[in-house]
Structure formats: C-alpha cells, structure tokens
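Common to both upcoming complexes is subunit A, partnered first by subunit B, then by subunit C.
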Partner chain A sequence: MKKYWAIFKLQLANGLAYPGEFIGRSLMILPFMWIFYQLWRVTFEASASTEINGLTLQHTLWYLVIAEVIELSRPRVANTISDAVKDGSIAHILSKPYSFLGYHYSSSMADTVFRALLNLVLGGGMAWLLVGPPPSLWGFVVVLPLLLGAWALNYCIAALIGLLAFWVEDISAFQWIYQKLAFILGGLLIPLNFYPTWLRTIAEALPFSAMTYAPASLFVSPTLNGFLTAAGLQLLWLLLFVGGLGLLYRRSVTVLTVNGG
Partner chain B sequence: MAAITVRGLVKTFQTKRKAAGLGGSLRSLFQPEYATVEAVRGISFEMEPGELLGFIGPNGAGKSTTIKMLTGILHPTAGEAEVLGYCPWRERQKLAHQIGTVFGQRPQLWYHLPALDTFILFGKIYDLSDAETRRRIDLLAEAFEIRDLLETPVRKLSLGQRMRCEVAASLLHRPKLLLLDEPSIGLDVVAKQHIRDAIRTMSREEGVGVLLTSHDAGDLEALCHRVIIVHHGQIVYQDKVSNLKRKFLTRKTVEVRYAGEVRQDFRLEGMRTLKTGRYGVKLEFDTQQTPADAVLARLSAAGTLVDITISDPPLEEVIARIYESAATEVG
Partner chain C sequence: MSHLKFLLAVWKANLQSAMEYRASFLAQMFGMIANNTIYFLIWVIFFDRFNDVRGWGLGDMYVTFGVSASAFGLVSILFGNTFSLGEIITRGRLDYYLSLPRPVLLHAVSSRMISSGAGDFVYGFLSYAVSGSFSWDGLLRFGLAVLLAAVVFGSFLILVQSLTFWIGSTSNLIQVATNAMVTFAIYPITLFDKSARLILFTVIPAALMGTVPASFTRHFTWQTLAILLGGAVAFLLLAIFVFQRGLRRYESGSAIQVEV
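Moving on to the complex of A and B:
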C-alpha cells in the first residue's frame, strides 16, 4: 500500500506544479451552477410550488453541486491508458514492481481529490450564495464514502474503456457513449426524481445512478436506509466491474504491442 | 546460472494496412486488411551475471522488442526466456524488483517535478528504507555527477543531463541487471561519454550486468564485453567485442609524415592510397593481404619519417559490413 500512497502523493504534487490550469478548469463549475440556478428557478416559479417530487430549489441546486463535483472530478484514466499504449510510455509502468491498474488508480485519484476539493469550494460557495447552506450537515457524512465508491466505479469503467486501446486505435467513441449514458441515466443534468417512473426504474437499476444520483440525492436528503442501499449497490457494481477489469487486463497485456519498437 | 537465457524467442504482431486517400480509408472500414510483422524471429542467447552485453542492430531489427519481452512488458508469440530465474511475462513484478530499465526515448522521471521526487518515489516502490534511499541517492549523485541537477524540474534539464538522471534512477534499488534500451540516443559526444563512464563504473563496483541495445557502435566499443548483432529479427553475429575487432578490423589506415618532400609511388599489393601530399601520404591496407611490417618497411624506405598513425576503421563500418553480408545471406 505504501507505494500506491507514494504515487498518490507525488501525483498530487505534480498537479500543484501547474495550479493555474487546475483552478482555471475548476472555474467551469461557476457558469454551470449559474445556468442551473436560472433554469430551476424559472421551473419552480412556473410550477407555482416550492417543492417538485420532494425536492425544493435549495435541494435541487445542492444536488447539482454534488453531481457536478462527481462528474468534473471523475478519474480521467481512459485517455491516460490509451495515450500510454499509443506513445509507448506504458513500458515504464510495466517495468516497475507495482500493479498497472493500482498505479493508475493511485495517480488518477490524486487528480480527482484535487479537482473535487476545488469544485466543491467553488460550486458549493456559489450555491450557498444563491440558495443558502446545504440542507443537512449529515449530508457530508453520508456523501464522503459514497463519493469514494462513485469514483472507484468511474475508475473501473474508464479503465475498461482505456484498455480497449490495446485492440482499437481510437477509444474516443466509447468514451463519448459512456459520458452520454452517465449524463442521462446518472441524473447529472436532471435529478432522477423528475424522470417518468419507467425511466427512473431503468436508471436506478444501472451503475450510472450509483455513481451520480445516489450520492447527490443522499447529500440533500440523508437517510440511513438510503445510504445502506446506495453503498450496497455500489459494492455490487464494484465487484462486477473489478472482476471484469481484472479479466480484461490479463487478456490485454498478452496482446500489447508497443509502438516505436 | 546464467542471468539471461533465451530460447527461440519469437514475436509477431498484426498491423492494419490501408491504401492512401479517402477511398483507401473507406475500403479499410469494410474490408480491413492486416499484415503480419515478424519483429523477432527465433532469437536464442545467454548472458552471464555481471556481463556487459551489447545488442546492436539497425532500426527495426527487433532489439527493443526483445528487451521488452525480457522485462515482461511484451508477451512473446513463441519461445522461452528466463531472466534472473524468472519468466519475465509470467512473473513481471517479482522480476521488476531485480532489474533496472531505461527506455531512452521514453522518460521514466516525472516530467514536471525535480528528479529527486522520482528517486524518492522509486525508493518507496522498491521497498527501500528512507535511510537507504538517501544513501543510494548520495552515491548515485556522485557517480553520475547529478547532485546539482536533482532539485531542478526534469523538463528544464538538457537531454544529456536527463539521461544521466534516468540511468541513475534505474540503479537506485541495486538491481542485478540493467536493461538499457538506446541509452545514448540523441546525445552529443560528451554526454555519451559521461553516461558510458558512469555505467561502466557502476557495473564494475556493484557487479550489475548490463544488456544494452543501441544502434551506436561507440556504445559497444566503450562498454561491452560481448556483442550480439541482430538484423531482421534474427541474430546474425555474436562474439566477444575483442574477437569482432580481430576478425573484422583487418583493414587499417596508416598516415605518415616525412621530414622532406617525397615523390614516391607507394603502390603495393593490398594497399590503397587515400590521400597524397608533398610531405606525407594516407594509405589503407588489409593485414590479411599485406603484412604490416612490409607496409612500414616500404614507407620508411621512402624518406625520414617524423610521424606515423595507424588506426582501425570505425566500428560502424565493420558492423555495416556484417549487416550487408547478413542481408545477402537472408535475401
């Protein structure tokens, strides 16, 4: 574990080498939150009620803060793996005594934690100004473990897509599909509470909701039952994806050809 | 026990073929065509512990592919290999503890951070104590003359400085074997010399074996005991560097300068005039055809000698001749 912790810390230091770039990218959450606020304020005004399907404007905006934090800071490991295969730098990772997937998990989580903190401060600060404080302080207790689960799931899926680079030259189509599915079925733009029942049932049965909807909705309305269900669901999906990732990795390394000799 | 044993190693892979232009792109969408590339075609050799072995060949000869199989990065299509008692591709992580690697064209140092950060990280990765890591950094900083460079971000180092740090980092955990893939690529003469000196010193002092690939014969001459020459994925020559020189360095160049003006015809069987001047001459001869003493006798008879230089042709030339003869045999 010591080596993975060291990789995590060094990647964190690497991120700090260019703080401007990280902060600049995190500023994106400000216009997002402003647009969401305007959109949902008009929607709530039009419905002439303070609550739609159990969510107030304050709930909705804080839900969106957490959903955006998860999305904007998720481990972007698909491109990292794909680039390492294409430019041959994978040789260095594979010639060291650590697990390839463990190395990428540690280094991508460093970026994730860094981005998440910045996005939470900026996005949360803006939401606080617009609709007031988070609905419940318990939300922070509940959301932390669920965030780790969400990112682990995100990592597994992104790494699965990244490993496809061992076979195909360009993985961007797979990334595009995954991102759009995560947007729609994860409840990134609209909380699943507002979906028709049939679509919500489908979405809740898929891993995307365990990554975005579950942590974000429990942040605004924390319950022990809800937390246990979400954590159980994340664990189930994780077991499935970790198994799949392990299998695909073992297959991938046997077909690797390193570009440039 | 040999440090490396390789038997019948083969690596083939498929590459997509596509005709030029939009038509070609469309055709390859529906009817993709693949070509099989045989990068390594049945290589077998052994390397003794502590040996300095050069793996020389032109671009695309299969050198890097072989070294990547020996580090466990690539899985071979066929054949067997044992490196320090491990099968590289089945026991990659165990083997990684015992070897150091440098892939000249791909940096392992973290680009935006000082090299010292990567050294400390490697200490953790190879399970060294903090005190041992510090001791090793100290020793390597001295051997590779990098003490003043360690705290500079790697991106700000020159290529020669970076390569010295790269090789030093690969030795941090006291590996038994160093696998260097093109360690001198792109370096100027002085930087090459620096790297070679440091590798030679560390190999001698720590008993570390070195397998290096290069297409620079200078690396071979300066560092290696033995050489394996590969061409088109096959070994075309393997022997001690001294034997290679003896067998193939029979062509000598001799340059003489006289005290006074000379007007002589130096023609002798097996001797070729390269350059003539009023006070001297430059000739080439083959020791197998013309004994050196006959050449010297002829030259000294022509006048009073004030200077004489006899030199071997560059090793590049020798290796080029071996490639050519191998290509003729293969072709």
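Moving on to the complex of A and C:
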C-alpha cells in the first residue's frame, strides 16, 4: 500500500506544481451550471410549482453540482492505458515492482481528488450564489465515501476500455458510448426522479446510477438507509468490475509482445 | 479559384489518408452517430416529462441539435486543425505552412480531417429527417443553414485559438470556449434573458450555430437569412483579420518540420 500512496502523493505534487492548468480546466463547470440553472428555473416556473417529484430548484441545482463534480473529475485512464499499450510504454511499468493497474489507479486518483475539490469550490460557489446553500450539511458526510466508490467504479470501466487497445486499433467509440450511457442512465443532466418509471427502474438496476445518481441525490436528501443501499450497490458492482478487470488484464498481458528495449 | 483547387487537393489527400485506416474511419463514424443518438435521448426524456420550454418542443430540439451536429461535423471534416490551431502556433509548427506558397491560415486549418466528424455530419441530417418538420425545400435550407453555421463555428475556433499569439498557451481557454459554444448551441434560446442572448450572438455566437439556423430551416424569412449570412461573413472576416494580425507576432525556433 505504501508504494501506491507514494505514487498518489507524487502525482498530487505534480498537479500542485501547475495549479493554473487545473484551475483553467475546472472553469468548464461554470457555463454548465449557469445553463442548468436557466433550464431548470424556466422549467420550475412553467410547472408553477416549487417542487417536482420531490425536488426543488435548490435540490436540483445542488444535485447537478455533485453529478458534474463526479463526471468532470473522474479518472480518465482509458486513453492513458490505450496509449501505453499502443506505443509499448506499458513494458516500462510492467518491469517495475508494482501493479500496472494499481499504478494507474493511484496516479489517476490524485488528479481526480484535486480536480474534484476545484470543481466543487467553483460549481458549488456558483450554485450557492444562484439558489442558496446546500440543502443539508449531512450531505457532505454521506457523499464523501460514495464519491470514492463512484470513482473506483469509473476507474474499473475506463481501464477495461483502455485494455481493449490490445485488440482494437481505436477505443474512442467505446469511450463515447460509455460516457453517454453514464450521462443518460446515471442521471447526469436530468435527475432520475424526472424519468419515466420504466426507465428509472432499468437505470437503477445498472452501475451508472450507483456512480452518479446515488451520490448526488443523497447529497441533497441524505438518509442512513439510502446511504447503506447505495454503498452496498457500489460494493457489489465494484466486486464484479474488479474481477472482470483482473481477468481481462491477465489475458491482455499474455498477448503482449514487446520488441527491443 | 486557385485556392479552391488547392483546397480540393488537400481534402482529397486527407480523405485518402483517412481511408488508409478504413475500419477505424467507419468505427469512428458509426460510433459518433451512436454517441449523438444516445446523447439526444436526454432531450427525449426531458420533453416527455416537461412538454415544452417557453414554446420549444422536442421537434425544435431535433432540428437545433441536428444543425449544430452537422455544422460541428463539417468543420471537423474539412478544417480539422481549427481545433488545434493554438497548439500548432505554440509548438512553432506554423513554420511549415509559412515556408510554402499557399495561404497560411487556409492551409493550416484544412490540413487535418477528424474522422469522427463524418458521424456528426451524417447524424445532423438524420436528426432533421425524423424531426417531424422534414420537407424537401426545408432540406435545402437545412444544408445552407449547416454551411453558414459551420462558417460561424470554424471562425469562432480560429478567433479563440489565435489568442495564442498574444497570451501564449491557451489550451484551457480554448477547451472552455469550445465547450461553451457547443453546449449553448444545443439549448433553447428561450431560456435566456436579453443580456444573455446578446452574449450568445456576439462573444459566444452559439445562437448562430444552433437556434438561428434551426429557425431558418423550419421557416424561411429574409430576416433570418440576413442574420445568418451577416453573422457568418462578419465572424469569418474577423477571424482572418485577428489571425493575420497575430501572425505578425509569431516567432519560433525555426523548427521546419515535415508534416505527415
């Protein structure tokens, strides 16, 4: 564990060396939050109600802050792994006394944590100005462990896509489709509360909702039962994906051919 | 005329280069069509629950999303380097284009084709076809609207990327500006108040990439055509002017490279 903690700290120090780069990238959350506010303000006005399907405008905007923090900060390792496979630099890490997947997890989580903090400050600050403070301070307590679970799940899926580079030339299409499925079935742009019942049932049975909807909705309406259910779901999906990732990785390494030194 | 012949030759070379990896090209094209289709489901879900947003319904969104996607795709296919012009400037790779007897900006931006753009371009037409407002004369207007929206979008990219001449690395600014342009283009204009609309016609001209061309597709009016045409010409001239002014400040380490 110590070596992965060291990798995490090293990557965090790298990020802190160029804070302007991270802050610049995090500015993206501002236009998103502004346009979400416009859309939902008009929608709530049109419905002539302060609450729709259990959510107020304040709940909806803070839900979207957390959903965007998860999406904009998630570990983006698919390209890193795919590039390492294609240019052969994977051999460099394989020869080191640590796990290839562990290395990328520690390294990407450092970026994720740093970016999440900035996104939360900027996006949360804007939401606070527009609709007031978060509905409950307990939300912060509940959301923290769920964020870690969401990113771990995200990492597993991204790494699975990255490893596909052993068999396919270009993984972009897989990434786009995964991202859009996460948008739709995770409730990234519209909370699942507003979905038709049949679609919501399907979405809740899939891992995407455990990654986005569960943490974001529990942030605005924290309950112990809800937290335990979401954490249990995340754990279940994690076990499945970690197993799948391990299997695919072992198979990938057996087909790896490295020429030269 | 010679510029057009030159452009056609560059585009032909780009296409041949993309066709070298035919499977990858097709995967990216169909992947992007699937990507856009799934993304648009957001609006299907939204309008299923909330019938309209200040007069905008799902049919309007099909046309708006379609015209924006096709315009984005057209720029990606024909002028793919508009997305990376800033990086080309920062890395001194303009040297290559400066050393040749062709217009620098035109040559630089047309030298790359982004294969996934073909998927965006095709998707836009499919989106219009299923919008419920399809007509043959509407299709002609859609084609013209896509062309003019693409001019606005491409010019906007050149403008933002040309800031690199003055303020150095602008990768974050470019990313934020491009995302803002694409995001605002696919949202109903009726959401915004007057001051926000002014921004969407000037600083981030997303209205000229989404709402206005979509409105022109649905109903022909001389006024909409004039706004679109005027906006496209104005932004194109401004982009060329800003790039040319910036080019005077360009410096590099004389790293003449071979562009492959």
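The definition used in the following text is that the second predicted complex is superposed on the first by the 257 of 261 C-alpha atoms of A that agree within 3 Å, B and C clash if a C-alpha of one lies under 4 Å from a C-alpha of the other, contacts with A are read in each partner's own complex, and residues count from 1 in each chain.
Everything below uses one rule, namely that contacts are C-beta pairs under 8 Å (C-beta built on N, C-alpha and C of every residue); 3 or more make two chains touch, one makes a residue touch a chain.
Just so you know, these numbers come straight off a predicted model, no measurement behind them.
Participant: Looking at A:24 after the superposition, I want to know if it touches subunit B, subunit C, both of them or none. Which is it: first, second, both, neither?
Facilitator: In the superposition, A:24 touches subunit C alone.
Participant: Could you tell me if A:35 is touching subunit B, subunit C, both of them or neither one (first, second, both, neither)?
Facilitator: second
Participant: With the two structures laid over each other on chain A, which partner does A:190 touch: subunit B (first), subunit C (second), both, or neither?
Facilitator: Once the two structures are laid over each other on A, A:190 reaches subunit C alone.
Participant: Which partner chains sit in contact with A:144 here, subunit B, subunit C, both or neither? Use first/second/both/neither.
Facilitator: The answer is neither, since A:144 touches no partner chain.
Participant: Regarding the shared-chain residue A:236, is it in contact with subunit B (first), subunit C (second), both, or neither?
Facilitator: A:236 sits against neither subunit B nor subunit C.
Participant: Under the contact definition given at the top, report the residues of subunit A touching subunit B in one complex and subunit C in the other.
Facilitator: Shared contact residues on subunit A (touching subunit B in one complex, subunit C in the other): 169.
Participant: Residues of subunit B touching subunit A in their complex?
Facilitator: Residues 13, 16, 59-60, 63-65, 68, 71-75, 89, 92-94, 96-97, 99, 101, 103, 105-108, 110, 112-113, 117-118, 120-121, 124-127, 153.
Participant: Spell out the residues on subunit C that touch subunit A in their complex, using ranges where they run on.
Facilitator: That would be residues 21, 23-24, 27-28, 30-32, 34-35, 38-39, 41-42, 45-46, 48-50, 52-54, 116, 171-173, 175-176, 179-180, 183-184, 187, 190-192, 196 of subunit C.
Participant: Could you list, by residue number, the parts of subunit A that touch subunit B in their complex?
Facilitator: Those residues of subunit A that touch subunit B are 2-3, 6-7, 10, 13-14, 17-18, 87-92, 94-99, 169, 253-258, 260-261.
Participant: State the interface residues of subunit A toward subunit C in the complex, per the touch definition above.
Facilitator: 20-21, 24-25, 27-28, 31-32, 35, 38-39, 42-43, 46-47, 168-170, 172-174, 176-177, 179-181, 183-184, 189-190, 194-196, 199
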